[in-house]
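Only one structure is covered here, and it is reproduced in the block below.
By written order: A, B, C and D. Residues from 1 in each chain.
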Amino acid sequence: MTDATRLIAFFQGDAFARSNGVQLVEVREGYARTQVHIEPRHLNAGGFVQGSVLFLLADLAFAAATCSHGTLTVTVSSTITFTRSVSQGTVTAEAREIVDHRRLPYCEVRITDDSQHLLAIFNATGYRKDIEIPL
Amino acid sequence: MTDATRLIAFFQGDAFARSNGVQLVEVREGYARTQVHIEPRHLNAGGFVQGSVLFLLADLAFAAATCSHGTLTVTVSSTITFTRSVSQGTVTAEAREIVDHRRLPYCEVRITDDSQHLLAIFNATGYRKDIEIPL
Amino acid sequence: MTDATRLIAFFQGDAFARSNGVQLVEVREGYARTQVHIEPRHLNAGGFVQGSVLFLLADLAFAAATCSHGTLTVTVSSTITFTRSVSQGTVTAEAREIVDHRRLPYCEVRITDDSQHLLAIFNATGYRKDIEIPL
Amino acid sequence: MTDATRLIAFFQGDAFARSNGVQLVEVREGYARTQVHIEPRHLNAGGFVQGSVLFLLADLAFAAATCSHGTLTVTVSSTITFTRSVSQGTVTAEAREIVDHRRLPYCEVRITDDSQHLLAIFNATGYRKDIEIPL
């Protein structure tokens, strides 16, 4: 089992992501990509994808990218800015670890639709624990 | 039907919140409160409540509080900071509109567990559209 | 010399704050207050107080509040939201440490003018180092 | 006078930036670069560049980049994350407008030292007013 396969297996244990159809599709050192196919259950009262779906997608990508070095990293603080609404298709989040700090890594995540339109930007700081993954 | 009842009815149309057991339990001018009873489906791979559950809870409270004046308000940017993990019980978010700006309202949301421990702090800026609610 | 006096003395060594007329006027456990009297040198190209003056005021209050327990705390990430512009008078920032975490404290700062109008809201997470203050 | 020259001239009216030695050195459509040569007056009580100097540098770059289309844009909310400290040399901020939205543009700013080390990351959302620049 490669490290990537192990990480993907570990994050399949994320019940909230899994039960909402959010999948980790790729992970490598300092990078991760997640996806969700939009269904009616992902919409808000206005008929658009609920912002929290984009947050969940980004947060899972962030977790995988920052944990990709093998150490458990939790989120300290995240900022998400919404730039465009969407109501169907596949939405993708790509996380890139900009700062691989020993204790406080920083990651940028872009969330896009099928046509590469930017839907949201998510930036977060993590805190690395002294715990190895898979736990 | 009172305005509060109407707003609650409107937000019951939020499929993502509803399908995840997140409920709007109170709303009044500039204030809203949401709740979720933690179940296994809300947990992350480490066995704690997934941060996105707290985000969803806060985001719904933010939406109700900023929409409480009757005008549709969308989220521009939100920052969530996680201060404590939780794995069971009921989690509550309370949103208070600190700035009731004509165009760019600002809201603070506190997320707490059954023992009033602070789990996360969510702050967001919205953008008021020229659309009335209920739509 | 009381602890508060020592902290104020320590922060008088902040050359950037001092050279811009920004003063730490009060500090106690988990709380700090800073002030600046607006002069022409604090204005931006539009004739209003430059946002960075408010940031500096808030950042100094944050630093003093989070360092008030005697341990050096540096800023990890800060978010500032501007709600009203100002061009004269005295501007005050009040920092309250909401989360006195061993490693990652969190602080809210309100920035107001002479009439108690809210000008900006600043929220930040710090990182406590294993270094005592005064250094 | 080119548009870039006009914008630079306009921002020379920023008294707070100018009085602290912070300069706008380049601006083009959706992009701006600012610089400061570190002097003792820029340091904090710990002997490092005060975080607010980096904020000021980034904020001026943000303002120039978002105003580069000729419409006055004010800051709604900014998040700055500090990744490395510095105490001398020249510090540069580069702002790139990622979202050129009619009303709510979004900009990313990277702040680096002489050796291209990343010192801080600044992200901000602006609000475009119906006012032309130069005013």
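Everything that follows uses one rule, which is that a contact is a pair of C-beta atoms (placed from the backbone, for glycine too) under 8 Å apart; a residue touches a chain by one contact, two chains touch by 3 or more.
Since we're looking at a predicted model, the values are computed, not measured.
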item	value
Which of C-D and B-D has more C-beta contact pairs	C-D
Most widely separated chain from subunit D, with each centre as the mean of CA atoms	B
Centre-of-Cα separation between subunit D and subunit C, whole angstrom	21
Inter-centroid spacing, subunit D versus subunit A (mean Cα positions, whole Å)	29
Rounded Å distance between subunit B and subunit D, as computed from the means of their C-alpha atoms	33
Residues of subunit C touching at least two other chains	76-77, 79, 81, 104, 125
In the complex with subunit C, residue positions of subunit D that touch it	10-17, 19-20, 40-46, 50-53, 55-56, 59, 63, 72, 74-82, 85, 135
Partner subunit B, residues of subunit C touching it in the complex	79, 81, 83, 98-99, 101, 104, 106, 118, 121, 123, 125
Subunit D residues touching subunit B - in the complex, by the definition given at the top	76-77, 79, 103-104, 125, 127
